[in-house]
């Protein structure tokens, strides 16, 4: 893959450096929106801190001269056990928005989950995938009170070729992100909800409040329960992925309701501050699920070795969020591509040095927890 | 509820910001008196740190579109499982003192515990409650060596309509608060012990010592034991609430002595420095009590999620202390009202995002302790 | 007790403030000698940190109006379960040296252990005790290679009326205290080893080395074993106290060898850096000893509550070291008296607020260890 | 041993001070290469932090007047249970490079492991040992893809008198050391791979990449497995030592494959960042091995007491890395000698104060793990 980069910058060599550079490419409001968490941001910090609490016991003298990083998620092949997490408003980071992200993802052979609140439309992003083979695109769904609107979005996603509906279950209302409140977060002129603007919906400008929080309160359905999944399933043949599960009993319920995958997630620390770190929640959930559906994880991934830790504890793949936006902000598609590439290289080194030649070699004995 | 605010300030969006603003409205002596703890202030810090050690395992896909935050304490309804902790000398924060606090509490439908050492009288504060329905006011009692004086205060409290006697059991002598000692803490002119001044009692001005410490040594009875509760109970039909219990065996004793509630508390870290954090003490006590009386908790509550954690570990309600004073200092009744309102909103979000529609849904499985 | 203080200083209100003031009264070499520990000073720090790891579960509604802080150690009464630890060269802190310390100790009714390396003689210090009743003075013994010299010191101590021999067992060679090495620690002119100068012994001035370290290497006997205790016991009827025990098996051995008491100690972090904090070692030792001898503890005591923690874990009394020197440096006998007085007041508050009226009420249930 | 030192410097008194001084004697590129670790350097830090987590329970009243620090490793006597770890490119630190290190090691009676990537040749370094008796030199082997080249190096090492082959097993590819990448690490003019230059191999200069990383990728064999050890053993009668084992099962495999020793090591935190601290891995490995081969350890040793801790947990000896380079940089052979001497003196004090007169007295009961 050729990575094109704008010329006047020092090429970051890890994801943290992308974050630093991104601050130069984003408005304060956009950077705050992307980087912040709810409340005191304790869960935001703990997601990363959790990875540091798990150490690795590498195996030696394994032939790692040929490494195979490929896997599949819900039957679709990936070059890397990685999907791009659903993130709203990507045109805040770069004018190409979700289309740039989708191109980089498809080119790299990683999955992408498009947010309901995207600033490029379901169809625009799907069009990217037609240029590639075997592209894994999922559509993330927020269930609006207007069920007709919700139904239309599902139908559009199915028609456009998305491979699964990724239903966010941890946001019946929006978490209180204080930086957004102070910034009176709203979308700047020219950026709109590409999937919803036709229905007249937009993020309102609010006094001393986050417009997104008000949008959620007004538009989204906070009454959704496990029973509504049946209705959701009836709208299309798309498999359901539940994003935001943090308990074993909820995971078991997901199995029983026919979900095909879950994402262990606390929404990047943006919803319930004080929620358990996603990595800390993983083992219990993997055990409860007992291979009856696929378990993914997001929250705190910053290094290749983090992917290995999540896999060793039972995740099939991970979702990467904020660092993708830093890449997008810094250099559009090329920036996203480079972020993926850096993480892939790190993961490649991580499995080699852990004595794994392929993903199947990663097992729980690799983990040492102090 | 309409919140009236003075115009020349930035409206705080959380309780920490109230603390910051309060420093501009208080004398150093008053701020130190309110904010400090005993000794090295280890317990003061640990009260808050304890909350951070308990993480939450939220439930998903629960219908939380209608949330009910109401509860009752000793049979009296509350809009929120919250009482205002007894705190002395509130006229140091604002000229309306305890009356302002009581109005805000009553308007918000939360309880209030009036301190023996209040700067507005038992009757003045009780008068507030007559303007509202179902107001929960308790009277906090320090037992003076002068038993006649004590008896009179109990009788006044009963006559004025207080619903319980909240007996502070962790202060046979006063804890050593070094900032008060350095400041030679005393009440400034014009502020007096509203319930005791008629008896000629006041906080003395002392050389290189806290006047309050001397007051305790001279006036309060440090010989009180479980047996004295019988005498106390004989003074009025008011139920007894014991504030300051930190051990399961003491809680059991409280049950046996006929107390109707206890407050798990270390007096906000102001008495025995090194005492266990109140949240750390809660589970053992809840287990010992086995529902035979109501268990409340104070110490370290700063966020709505903290209330949820206390309830998940078995508390029926919590008491909030210092942040109320910050609100009072910043804007009198409106400030207190806003502090309560902020915390209520946060608690509302916390239960919604934890998958609880009403308080009964909060159970111990929500807690993850590292 | 009247405390006389020189007039041009702010009276410290706790032991930490004495340390701060002491830096103004001591040469860098003396302050470093007193305050430093061996190596990286990890054990020095851990001694205090250990106290912070143990929290207290206070009892309520106990009659604490009359508190009794008295105890006895080896049958001798103390007003407080406190002895002053043996510390060398006290004339470095104040010209009255160990005599001032002894006066303050005797006046306060606490014990004092005189160091072999004192700068006032065995007899000078013993003379202080004749002015008081029931004074508890012990003589700390370093066993010199010159056994005759050692015998003479024991005989002098016995003759002078010391009540026990406190044999330091953790210093067969001196720990490496890097600040002393850098300072080329030696005694300034006019200060000498009061018990040894007649024998021609002094702390040598060394190039890039601590003179004390060289003194130990040249003069002290590093071959002492349990068997030598028999010889030591034969020199006088004084009971033996072994200072520096950190293991249960060694404590059992001490019982078997006829020692009457032990001091759980790591020499204030000055000998083996990385040694277990003395408080962490206490419980195992108390259990091993099973009341067959008296267990004391030193290391890290800075607050009255620390004494309570040590007692709750089984210590009969504690030894206080450095803070005594800070008091001595700041104001001689009056400073030492004030340090003791501050700690006594804090301990008095600590037991009252823990629900203990006398020392016997302190039990292990008061401790909560996270 | 006479230690000659250049005159214009303050003599360091511990290994940390050598590190500080070394920064004045090294280029940024060289200092970074030596001091850095992989990734976030979490394992680098954790290696040292691990030692701080293990406390010591010293024994008292043991005759330590005569201490014996000697031991043997694979049958060869050492004055101290210490070997110098294999480290590449020592001419970056001092023009005498590995020869200076070897001289200091031999003079002090400690072992030395020569790196494949040395800047003095196998034969030059071996020549040093002929001036001493019983010198323990091992040759560290990186297995190149060119098996002929590898065979020749083994034969040269055997012929030159090295006593073992220390096969590095944790570096099938090089860890990602970001400082080297930023510095575009390469060897400066005049410094070359003394054992490999004749074969035309050198560390290449790379754009925005570490030349060493590229060297590894191009030249070293990442397919080596346990089976290749048989081939390796066939090349010479030298015993095999496997360096980089971190798991009990791998250690058992090493026994089965006929290795005579292993080094518990994470390559000084330079390979897999997040790998378990070597000290944390030790106990499991010692138990698995059950004395069937000798277990050494490196990573994090900075103080004499660290050697004692490693031995108490079952290591026969330890390897010391970076501090040797700091000594070499500061003052060549004399600097290395002084570093060894400082550590020896500290170890001597450590065993004395732990109640051990000889290494055999060090047992696991000395360790207290919080």
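Every chain is named by a letter (A, B, C and D) in the order it is written, and numbering of its residues begins at 1.
As a convention for this text, a residue touches a chain if its C-beta (ideal position, glycine included) is under 8 Å from a C-beta of that chain, and two chains touch if they have at least 3 such contacts.
This one's a predicted model, so the numbers in the text were calculated from it and none came from an experiment.
Rounded to the nearest 5, the angle that brings the Cα atoms of chain C onto chain D is 90°.
Under half of the residue numbers found at the chain A and chain D interface occur in both copies, marking it as a different-residue contact. Separation between the centroids of chain A and chain B, computed from CA atoms only, is 43 Å.
We define each chain's centre as the mean of its Cα atoms; on that basis chain B and chain D are separated by 60 Å. Not a single residue position of chain A touches two or more of the other chains. Chain contacts here close into one cycle, and each chain has exactly two touching partners.
Every pair of chains that touch is listed here: A-B, A-D, B-C, C-D. Note for the complex: chain A touches chain D at residues 11, 13-14, 52, 54-65, 303, 305, 309, 345-346, 349-350, 352-354, 365, 368, 370. By the touch criterion stated above, chain D contacts chain A in their complex at residues 39-40, 42-43, 46, 169-170, 172-173, 175-176, 178, 181-182, 208, 221-226, 228-229, 242, 244-247, 250, 253, 271-277, 280-281.
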